[in-house]
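Note that chain A is present in both complexes that follow, paired respectively with chain B and with chain C.
Right, the complex of A and B next:
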């Protein structure tokens, strides 16, 4: 299976923890540094919350799939929901002074900050995140 | 309320020090309970001089940040003060990336933060 693992969950936020624990355990076993595990858990949490909340609108009959591949160099994670996708290029900067007090809109910023690369499919319902081993954020 | 208490609440001088018990404030259900308990301090117990102690917190999501922002607004509406302390460097980085370190008053130590609350007029 060329090193890819696939996990699938129903769109219930309680399921996020299981995915996070599975991936963090895999990173731990592969001796990834603590900083990397922190970064991956945070980015994954945001990606899964977005998929369940904004992608699948909490519809428990819809699934979120997580594919990941660990290599000596790092980890690649692909999170996909069954939603209509979103326009990831036009999101406002949540750090602008007039947006700083808004309670939401920071998830993607954190994902971009903590992973090395973030990319979306054309539809916008699948995000691919890459984190190199031992690279500072 | 049958909810598990997620906060340890103590009075230090006339400041209400709130310590998060959870290491991870990530789960939506946990964030909701933490938020409800924080807002209850303001709305039901009229505590408006709040110091949030993050010494146990190892993970924090953007949804949790959203709750803190809403709480900050609520406290300001009551002319109160909200300050944060004991944030580990990894979590402080989350505040720095989101520039929320500019919105919140953040102190390294609890004693230092308590001293920075405005004196109440006698």
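Right, the complex of A and C next:
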């Protein structure tokens, strides 16, 4: 059960589905609770959409890699794109009244809310997300 | 790897209101289907669009963005987009993002229709 697995997709939004299904199937087989699978699917969708949209700018020749490691205690997922990276520290709060009706900017909030920890590399093109088994969000 | 079943969207229009029933996961790869359905209704200047979310299992920021854009576009011709049937994890996402303060929400399509006509 230990060990890292790597999946790679071209930067096409429809490809997100295959990655989500693979990871959720792995969690399901390992008997993770439904709420954990919900949280991972949500955070993974946000991370992959960000990588394809903001990282690789929908350039299908660029790749997004997903590494994951499943243990009895939880799952660690690393999503990396080929982009220049972004400054994740200065993103405005999407729940502020003047931003509430904007159609975008909620991805990071949801990732932080549903995973136990998320962290970025210095460049800002790789996010690591950790979800412990059975831990409430 | 078995592909996830795409989101299912059904549109019914009668008595001056359109009911959009959504089932499945409103995630990045699927939200464009809802966007297309709502854009058609908005192009036709539907006065009341009710989106039934009772069979939505998951919504991400892409899906939320589609609903926010459609609500704004409808408001530009004095149309309304309201939601109904939210519960569980999906309702939690609306509360967490404070979008429960933005959208009018009802228990059922009938309740939404009743509120609009009352």
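Here, the second predicted complex is superposed on the first by the 135 of 137 C-alpha atoms of A that agree within 3 Å, B and C clash if a C-alpha of one lies under 4 Å from a C-alpha of the other, contacts with A are read in each partner's own complex, and residues count from 1 in each chain.
Rule of thumb we're sticking to: contacts are C-beta pairs under 8 Å (C-beta built on N, C-alpha and C of every residue); 3 or more make two chains touch, one makes a residue touch a chain.
The structure displayed is predicted, hence computed values, not measured ones.
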Exercise. For the overlay on chain A, clash or fit between chain B and chain C?
Worked result: clash
Problem set entry | chain B versus chain C as contact partner of A:82, first or second or both or neither | neither
Exercise. With the two structures laid over each other on chain A, which partner does A:59 touch: chain B (first), chain C (second), both, or neither?
Worked result: neither
For this session: Report for A:110: first if it touches chain B alone, second if chain C alone, otherwise both or neither.
Result: both
For this session: Jot down the residues of chain A that show up as touching in both complexes, chain B in one and chain C in the other.
Result: 13-14, 16-17, 20, 35, 38, 41-42, 45-46, 49, 94-95, 100-107, 109-110, 113
Problem set entry | Complex interface listing, chain A residues touching chain C | 13-18, 20-22, 25, 35, 38, 41-42, 45-46, 48-49, 52, 94-95, 100-107, 109-110, 113
Problem set entry | Residue ranges of chain C in contact with chain A within the complex | 1-4, 25, 27-30, 32, 58, 60-62, 64-66, 68-69, 72, 89, 93, 96-99, 101-102
Exercise. Chain B touches which residues of chain A in the complex?
Worked result: 13-14, 16-17, 20, 35, 38, 41-42, 45-46, 49, 94-95, 100-107, 109-110, 113, 137
Problem set entry | List of chain B residues in touch with chain A within their complex | 26-29, 59, 61-63, 65-67, 69-70, 72-73, 90, 93-94, 97-100, 102-103
